[in-house]
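Every chain is named by a letter (A, B, C, D, E and F) in the order it is written, and numbering of its residues begins at 1.
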Amino acid sequence: MRFDGRKQDELRTIEVETDYLIHPEGSVLISAGATKVICNASIEEKVPPFMRGEGKGWISAEYAMLPRATGTRNIRESSKGKVTGRTMEIQRLIGRALRAVVDLEALGERTIWLDCDVIQADGGTRTASITGAFIALTLAIHKLHKEVPFEKFPVQDYLAATSVGILEDGTAVLDLNYHEDSAANVDMNIIMTGSGQFVELQGTGEEATFSETELVELLALGRAGINELTKMQHEKLGQEIDELIRGEK
Amino acid sequence: MRFDGRKQDELRTIEVETDYLIHPEGSVLISAGATKVICNASIEEKVPPFMRGEGKGWISAEYAMLPRATGTRNIRESSKGKVTGRTMEIQRLIGRALRAVVDLEALGERTIWLDCDVIQADGGTRTASITGAFIALTLAIHKLHKEVPFEKFPVQDYLAATSVGILEDGTAVLDLNYHEDSAANVDMNIIMTGSGQFVELQGTGEEATFSETELVELLALGRAGINELTKMQHEKLGQEIDELIRGEK
Amino acid sequence: MRFDGRKQDELRTIEVETDYLIHPEGSVLISAGATKVICNASIEEKVPPFMRGEGKGWISAEYAMLPRATGTRNIRESSKGKVTGRTMEIQRLIGRALRAVVDLEALGERTIWLDCDVIQADGGTRTASITGAFIALTLAIHKLHKEVPFEKFPVQDYLAATSVGILEDGTAVLDLNYHEDSAANVDMNIIMTGSGQFVELQGTGEEATFSETELVELLALGRAGINELTKMQHEKLGQEIDELIRGEK
Amino acid sequence: MRFDGRKQDELRTIEVETDYLIHPEGSVLISAGATKVICNASIEEKVPPFMRGEGKGWISAEYAMLPRATGTRNIRESSKGKVTGRTMEIQRLIGRALRAVVDLEALGERTIWLDCDVIQADGGTRTASITGAFIALTLAIHKLHKEVPFEKFPVQDYLAATSVGILEDGTAVLDLNYHEDSAANVDMNIIMTGSGQFVELQGTGEEATFSETELVELLALGRAGINELTKMQHEKLGQEIDELIRGEK
Amino acid sequence: MRFDGRKQDELRTIEVETDYLIHPEGSVLISAGATKVICNASIEEKVPPFMRGEGKGWISAEYAMLPRATGTRNIRESSKGKVTGRTMEIQRLIGRALRAVVDLEALGERTIWLDCDVIQADGGTRTASITGAFIALTLAIHKLHKEVPFEKFPVQDYLAATSVGILEDGTAVLDLNYHEDSAANVDMNIIMTGSGQFVELQGTGEEATFSETELVELLALGRAGINELTKMQHEKLGQEIDELIRGEK
Amino acid sequence: MRFDGRKQDELRTIEVETDYLIHPEGSVLISAGATKVICNASIEEKVPPFMRGEGKGWISAEYAMLPRATGTRNIRESSKGKVTGRTMEIQRLIGRALRAVVDLEALGERTIWLDCDVIQADGGTRTASITGAFIALTLAIHKLHKEVPFEKFPVQDYLAATSVGILEDGTAVLDLNYHEDSAANVDMNIIMTGSGQFVELQGTGEEATFSETELVELLALGRAGINELTKMQHEKLGQEIDELIRGEK
């Protein structure tokens, strides 16, 4: 039994509010326990300079936290005048993961920006960002599709992320909150598609290491968690979008 | 009759959700029509270097918008590596206004940070920030008071802000939304206390000017609007805090 | 009687040296008591990117102080690597004010830069900058006019600025020097045209407030001061330019 | 057979020159095929502010490339005025990995800086940096040990890194060069200890995904490669240091 | 005969106004022809961190140009967010040169800042800055001396700078203006003491070279120019300060 | 006899390894005693914006040190977010010097970048950079020449640099190492062509001065040193390139 009463393989309560804000083409407020992230998708009808004229689209993500998303106040990155290494790592990860399930040629020469702004943090902000950003992205692409249908719907599969880890007592657990994460020996982020393929795997033993046996256990936990998450995404997005993603329509 | 059906002297619907987030000492989500701002107050038990040892506190504000708070996406200030002039002007204004109703000596050597993050913008973001930040600030100070009572409650009066302006057709109106603001000839922000004193007055005729008669009309509209806002603040903060502010307790 | 022997409604001695430097299209050294500002106008035959092709001009201002314009040395903003909030606020104010009396369409697609460099500061540097910059701007536009006459002279009215405030003893005074300004309860900058219209009004009670009665008194003092300043501008610019501004020529 | 004649499970030729430069406490030039990295360890007798007084040491890494380490010249990060996201990700990774095999309490309150400067790049620069930095770090710590012996030698295990990946034709290979890496579907960096524990695992399918079967194949290739690399480290560091690492001395 | 009517070995008219501004401890406006530089000396009663506790003083210089000191407007370095290489080179040169004639131990643990702000440029701004800064520095040190006499007056000799160069037609000339400088083959800055010692010599053939014979001719011109300049400095500073510099008092 | 056993007029051992790295068009590792610099030349088929369309080429240099090139570790300029004044001064010097012996019109509209990265420093890093960069530059231009012969070979003469100085005991010496340099009274960098013309002369008496007699002695030492260096360059570049430089082919 875990600190917050969950079982080893139990996700925190996930809530997703779609059309959260009025301006973005796709807008989602996702909560995973006390972690809350606003994920907004914005469509820009051009691509970065290095891609112009190739007939392909691009997906770019940015990530930030409100200064008081956390227990003590953090200085804003705009005040520091630079983005921290942690933020850069996370936003590169989110963009890369989303691109894995989008056919950039089908998307055409446009950029979709995903802004993931954490308004409250309790561990797992990057994985909640990916899971929520997938929904915002798909809603934005679907909005485009309703105006001028794509020949091939650019989103090709579901995509969700979760964390798994090994606590100090050696227990492997799913979906760590901040309390668990800060004391864990091993922390692993898993990003998978709806069809069960890996997109990204990042396991880290900060001042610790892990064995192949432990790895196998962590992967099993992660796979089960992702499965729940992509089911939730299916429900939120509805039947019509599901058929578009599956290429059945 | 205005574009959105309001009368000349009518505020937009104001909603305030207190204790919006779990970590900050004071946390408010304020909406004025479609404008939504998260106002968080954080207590830091020290003051800036230039004030150390003077036995006085400080209040500092920061303001930002989510990239997609607006109709088209704005580049993050953290990505630009610097804070724009507009942001600096607004955050200096918020801090200065709040300090006008707080007895910094009664507060003692601590800083209260007010973070105003606009998640959705439809005009009047700076005035909504001030009106909301006052509530977050007072809640945070009250939280301190409940732990170790202040001899003198540092918040000395209510404080609210609104905008008034002259539309292209010459009509003076209260609480402009984005649509009105972008076409107005004159735009004035008024910050006043609960007892009807001016704290700040900023009237600007961008590529236009205004007469003393117009000024008088604008001030009357503003005064009435502020009156409604400070009444709302009283209700949200409740009787006990009201007595502390009035020095009756 | 004030500290420096002036009456309540008395401006400091104003001196203006036109054609102060040889390179700028308009160049003025303005002194208001011990405050000295070099105001240079430079013409650039293009507009900022966001305005291209609209057939309109632009006026942009920059403001800075020499490190030793003040009693103690300030670190240069170039060494800090960024412009402070105070500087941004002032340069935005100067540009906005000047644009209120210039017909940007009559100016055509060009930018006029106003550089206001304070070489000695004794309070009122932003208002002296505006009053001086108006002259430099008008001289630069007149220089253009002599080469290729404008159909409509772009400068439409005089423009001057002054400060008023309420001292600690409650006296309302005109044109505060540094000594008065640093101890004043209320500080208000007033920018008006030659025909007596307001362009900008910025009243601030830093850690203090003011009543409507006090506001009325301050406005009266400011109006009288501005009147003197625009008369001085008329004299410095001469009869020919006056007729152009008044549209009589 | 691979492009450069190697077998699927064959590392590129590794060369390590120790004591490469005269100033650093540990200095290594490591080559993996055409990839060449200078790894320098510097000892600083203090820790970062957030760790002072805890009696623990710290290991911090920085990574950079010469502008012409690559086929076309890159702009220096010092000229850009900021470090890219890629660089930050890599230097955070190197530091984190090295800390996993060092007992920071045994090290005492000092920081060891690892500077990994790529002078020639042909894929695998981050893994070569880690493998080389481990040697430089151990040499620097051993130098301290010879002056004043540690009670417990802070380096607790060998540490090496390599990359594995899946080429476009589906073949899984070890130690990708730039040619292979730029066309691979899946790229995974594996960091392991001499005793076969994982320290970090980062698998990415940029615009592609991978299955659990493929993961298993990649891990087997990586494990074999790391084994060769830690043997090489043992030989370079010699018998005395090996005994210290194994705690046999 | 030169473009502006001067002879080969003729300096431009030098004018020096001392006590130019009221706040700085030493303040000079120096003109060399159309080149005008404000040189202000500020005393700070501490030294940079790397020098604390050594009982020695420091002299640091900063140099800048008004945006419109030149024929076309330059972007401010504060707006660019960084100081250019040219500015850095010049301010390092000014500081180094002044330190050569000051006994830093006699000065005691204080820093003297020299701010050289070019308000109008016509070639030779760095040499005029040095010649003027020497006077401002000496006045500031003399002001200290009048309050608490130094045992040994820290300024040990006069210091002045000038430029020499070889024009396109091969003529060697003294004190180049902008017109000459921009077309010269060789440009040399010479900084010498009142007693005829070299402090700094910087000769540059931008896309050209010069022979030893030419060098000898340039040095002779420079020596004669410096001689005139240090005489002028003596006159401006007066008899009492001259005796202090010569150690006769 | 000097500290390291050299005579007054003796250069340190110079070693030059050409084709040091595989990617750059010209690549040299130059050592002067313990000072080691990698000099890479990169050809870019365009010129900076301010030169476009003039039919001329450009040569630009950048200089940096590895953090641990020196006895104690220096913070990277990329981490500081800006390039120091010293670095800027040196890279401007290297570029300017190389341009003096290259016919930029003969080069055509292309830029050659010279990256001088000091991997180990023991005094004289800027002069070694220039001497080495000349070789890298010439190799890169020769590589272009072999593909499409230039009508006129752009490199017009040899170019080398050395330092001379006056030690504390008054001895004038050639090619100072760090130990000598840090204690010298006078330090002079001399850059000359193969035909004995000066390109740049920078003599500095940091907190000291020098006489004309000493200058003459320093120039003689420098001339002899440069003579040896350009002979070495001739040998390294070979007969064919020598004839191209001399215009005999």
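Criterion: a residue touches a chain if its C-beta (ideal position, glycine included) is under 8 Å from a C-beta of that chain, and two chains touch if they have at least 3 such contacts.
Quick caveat: nothing in here was measured; it's all calculated off a predicted structure.
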item: Shortest chain-hopping distance from subunit B out to subunit E; value: 2
item: Repeat of interface A-B, chosen from A-D, E-F or C-E - more than half of residue-number contact pairs shared; value: C-E
item: Fitted rotation between subunit C and its twin subunit D in degrees, CA, nearest 5; value: 180
item: Chain centre separation in whole Å, for subunit C relative to subunit B (CA means); value: 29
item: Distance from the mean Cα position of subunit F to that of subunit D, given in whole angstrom; value: 34
item: Centre-to-centre distance between subunit F and subunit B (centres being mean Cα positions), rounded to whole Å; value: 60
item: Mean-CA-position distance for subunit F and subunit A (Å); value: 52
item: Subunit A: positions in contact with at least two other chains; value: 81-83
item: Cyclic chain order when read starting with subunit A and heading to subunit B; value: A, B, C, E, F, D
item: Contact set on subunit D toward subunit A in their complex; value: 82-86, 88-89, 91-92, 96, 99-100, 104, 188, 193, 196-212, 215, 219
item: Residue ranges of subunit F in contact with subunit D within the complex; value: 21-24, 27, 34, 38, 40, 42, 44, 62, 64, 66-73, 76-83, 87, 113, 115, 117, 119-120
